[in-house]
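Following this line, the structures themselves.
Both complexes below contain chain A, partnered by chain B and then by chain C.
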Partner chain A sequence: MRAASIAAALYAAVLYGFIFLPVAVLVLFSFQGGRFPIPPFNGPSLAWYAAVLGDAKLMAALLNSLVVAVVSSAVACLLGFLAAYGLARFRPPGTALSRALITAPLAVSTLIIGLGLLMTFSMAGVERSLLTVGIGHVVINLPLCFAILSAQMGDHQVNIERAARDLGASEVQVMALVTAPMLAPGLIAAFFLSVTFSWDEFIIAFLLSRFDVTLPVEIWSLLRSGLNPKTNAVGSIVFLVSIVLVFLLELTVFRKAARR
Partner chain B sequence: MTADVELKAIRHRFQGFTAVDGIDLTIGAGQFAVLLGPSGCGKTTLLSILGGFLTPSEGQVLIGGRDVTRVAPAKRPTTTMFQDYALFPHVTLAANVGFGLRMRGVGRAQRDVRARELLALVGLEGAATKKPHELSGGQRQRVALARALAVEPDVLLLDEPLGALDLKLRRQMQDELKAIQRRVGTTFVHVTHDQEEAMAIADLIVVMNRGRIEDRGSPEAIYLRPKSLFSAGFMGEVNLVPGEIGAASGGMVIATTPLGPLALAAAAAEGLSTGERVQLAVRPEHLCLDTAAAGATAIGPATILDSAFFGTHHRCRLMPERSPGLVLLAHLPQSFAGRTGDVVPLAIDARGVVALPADAG
Partner chain C sequence: MSPAANTDAQARRRDSARAWSFVAPAVLWTAAFFVVPFAVMAAASLWSRVGTDIVRIWSLDNYVGFFEKPHLVAALVNSLEVTALVTAVSIVLAYPLAFIIAEKVPRRWQRLALILAVLPFWTSYVVRSYSWLLVLAKNGIVNQALLGAGVIAEPLELASTRTATVIGFVHFFVMLLTLTIYANLVQLSPNYRRAAADLGASTVQTFVHVVLPLTRPGIMVGAFLTFVLCIGDYITPQILGGNQELLLPQVIMLQIGRRADFPNAAALSMILMAVVTVVYVACARFLKIERA
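== the complex of A and B ==
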């Protein structure tokens, strides 16, 4: 019995070690005192964080990433909500096919989507910019938002929406004042997940950006000049932001779900 | 506010079947009308047509004389109280009740005052800041009523609103609904399959079956003078005794039955001709043991098959000697002490008997 639980604990340790050790090493060497992110560790020092915060290009990329993540996620949520609402409530001909088509990009690799968008934009004569990156992120996040919101849109809300219409609400008012608030947990979940994916998405951002780049792209160009604790520091910041987002999601959505 | 409702030749087909099949109905302003019938009889479809959630395949809906057949629910002078209440779960009771006023552009302060008034009307004063999930089923019911009344509709539509409540609460809510309806004066159209509920609240009962109206009238009229076998059976327990209409004389009609001749008031055999085969609808309470009572017609001795005590009466099944194949159900007085197997003299209070065409229903 005891041997079994020891074995289980050992297995868990190995498993979590496998998942988190690279991250732990990355974070640890972001506090490195010397010039190379390799053992021996001689820190801790915040010098590299100071370097990151003092790097105008990195800071600009960080801001770009935030803007792209928030705006593209908001757009993806809005479009996903409208699509889910329309298909669930009005069931136009070809509803099943529409659902399949909207969710299909989930199964397509971001590389293919990125290449496709790149060719489309260049044929259409659209300059690569943060806008094109944002559009790319909407493309990959919309299926996710649609899937989450579709799952939340049940038949029990139909009568509530009917009641709102009966009391004089227009279709827009029904969506804004009744349906969206009822789906708030799903909307928040979809938004935060989209922000998380957009925040550290690299391939599409790399293919579709030019002068203004997002943080993952900037980090990649840092890496090309060799390993350096500065990349560890900025990587740690990215990781920290992701953790905060996931934590917020947990707190707002899953807490609420558990209470109901 | 209140208005009359007029339905003209309403017909509604769903894929493959006709849910409502030629309904003509007028409901007076301020009346409490109940659409009564078994599930699938078309009553809820008819209510949806009234509320504007369905456009009938044929026919017209007039409210207050205005044709609203193709008017959207939001633009009709009707509101609906839904079976599952359909309250907005994310906002307070005040916001729920005030929603319709908000849609009509009424300011928040005024809305809140009105919401509080209506919550007080339904007995929920002081609960304005609560959320729906904090309430019991009966309380949600009241909020739904207050919300539907807040916009002062001409006609309030109630879709089996008491279906989910337990019996005691349902009886209490019936009384309250009736009282509130009297106070606000709005025309109420209520759908139910419970005939006791219908009798408790209605001014006008409309009995429906298979998409058609079987009968309409006051609770007394429908119970005492049903116009079809279906209506007689749906409004409560009834014995059906086969018979044949005989000669009429002096305002009375003699019906020949296996239990002997019964003298009916001419009004109870309206529209029936001499020699016609009929079913006589005899309510259990119109069977009695006192053969000398006023209006009583003796039908000979009968054997008690079984008997159960119901508080207000004994419910007995009896086998009359004159027609052993015809088991009669009787409500005998509280004081009755007969046992299974006893033979008792039986009489029918012929004043309560109605003759109905045998082939109908």
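== the complex of A and C ==
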């Protein structure tokens, strides 16, 4: 039994090592003193972080990414919430079909979604821009938001909604003042999950953007210059932002949901 | 019709109309920006490119061309081989880790152990592949460590190979599969194992005949996700795989990047989708059998 435990601990240590190896190398060499992010390490130096913050293109891309992520996630959450509410509460004819349609993009590779949109926009004469990128991101995040919020639409909320209606609340009031607050944890989770996906999404942003690009696309063009500690620095910043988001989400939403 | 039935039908119609005002935005969005583009792409795959123009003459040329050009078929075969290998290796590596987290780690630490196991999931996708490039580069950390230890005399060509692509993929999907398998493991009632033990099964027998079959849904969900995401990914092979051997998504991107050949790219995408659909149908049937 002891031998088994030691073997298990060893195995876990090796796999955690494998999982963290690239991240550790990335972050370590973002503090590299020299021009190449490879051993030997001579640092620590913050020069590359200064280079990132001083890079106008990277900063513009970062801002673009934030705007696209927040706006497209808000739209995806709103559409997903309305659809989940309508289908869960009224069960209109065609409910199963609507569910299948709304969740269908989950099963299709983002490369294909992006290509289809690119062809459609170019045939319709729509210029590629951050708007088209945002539209693409809503397409991939809407199924996710819809699925999360549908799962949260339990029967126990129906009675409270009915009580609100009996007290004279309109349908919109019920939804905005009663249902939405009850689903707040799900809404926040869906929103932040969408933000992280949109923030990190590459292929749709790459295909559908032109002059204004998002951060992953800008990092992609940075890669053409080969191994560069600047890429390490911007990668570490992105990682830090995502980690903070994930931990905030864990500490606020999920901790609370688990306690309930 | 009685008045009661009449108002009943009216109420139902009113409910239905109300429901559609909620559901319509999402359905219309999906129709406009997912179904229509897909139809456009399906149609475009039957057109052809003459010079720089796209000609709307319907033909199966792009599909016939796929099977006639060895480098296109090779890309599909490469994609299938890499995806199958990645899926298998990821399951084999992730299962013990999920098992250790679910069984050996004290309950109050499990959530933290799991969060840590998937933490690099949240690095940027592009950056994650780049990080592996750093690790595997000719003068990167792995080669330097092996040289220093005297294991090898010459640095290994690790980057820009299929091995590098597979390592990059496995890294990502080990995290994903650990999640799905863990979620499955903690749902199992301990009664199954108690019953098996009461009936005289050894730990190994219980695992092979009870725990493993019961976690097959978790494995299948993770494996299917791995397959779909892996076979459609462009970034990892493009950054880590080099130019010696291309996978299908890279060939698709080449059609639009270098040649602006949308019809051909569309046809290749349809073939990629067909492959995924076949696997989905196979998996769905398998999962249903499991449930019955």
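Definition applied: the second predicted complex is superposed on the first by the 260 of 260 C-alpha atoms of A that agree within 3 Å, B and C clash if a C-alpha of one lies under 4 Å from a C-alpha of the other, contacts with A are read in each partner's own complex, and residues count from 1 in each chain.
Note that a residue touches a chain if its C-beta (ideal position, glycine included) is under 8 Å from a C-beta of that chain, and two chains touch if they have at least 3 such contacts.
Given the structure is predicted, the values throughout are model-derived calculations rather than measurements.
**Student:** What is the contact status of A:L111 with respect to chain B (first) and chain C (second): first, second, both, or neither?
**Tutor:** Only chain C; A:L111 stays clear of chain B.
**Student:** Mind working out whether A:V178 is in touch with chain B, chain C, both or neither, as first, second, both or neither?
**Tutor:** first
**Student:** If you count the residues of chain A that each partner touches, which comes out higher, chain B or chain C?
**Tutor:** After superposing on chain A, more of chain A is contacted by C.
**Student:** Touching A:L251, do we find chain B (first), chain C (second), both, or neither?
**Tutor:** neither
**Student:** Give one of first, second, both or neither to describe whether A:D166 is in contact with chain B, with chain C, with both, or with none.
**Tutor:** After superposing on A, A:D166 lies in contact with chain B but is clear of chain C.
**Student:** Check the residue A:M119 against both partner chains and state whether it touches chain B (first), chain C (second), both, or neither.
**Tutor:** second
**Student:** Which positions of chain A sit in both the chain B and the chain C interface?
**Tutor:** In chain A, nothing is touched by chain B and also by chain C.
**Student:** Could you list, by residue number, the parts of chain C that touch chain A in their complex?
**Tutor:** Per the touch definition, chain C meets chain A at residues 15-16, 18-23, 25-27, 29-31, 33-38, 40-41, 44, 93, 96-97, 100-101, 104, 115-117, 119-120, 122-128, 130-135, 137, 139-141, 144, 171, 174-175, 228-229, 231-235, 239, 249, 252-253, 256, 262, 265-266, 269, 272-273, 276, 280.
**Student:** Under the stated contact criterion, what part of chain A meets chain B in this complex?
**Tutor:** 156, 159-160, 162-170, 173, 177-178, 181-182, 184
**Student:** In their complex, what parts of chain A are in touch with chain C?
**Tutor:** 5, 8-9, 11-12, 15-16, 18-23, 25-26, 29, 37-39, 78-80, 82-83, 85-87, 89-93, 98, 101-102, 104-105, 107-113, 115-120, 123, 135-136, 138-139, 142, 146, 171, 196, 200, 202-203, 207, 215-216, 219-220, 223, 227, 231-232, 234-235, 238-239, 242-243, 245-246, 250
**Student:** Which positions of chain B touch chain A when the two form their complex?
**Tutor:** Checking each residue of chain B against chain A gives 51-53, 72-75, 78-80, 82, 84, 86-91, 99-100, 103-104, 147-148, 151.
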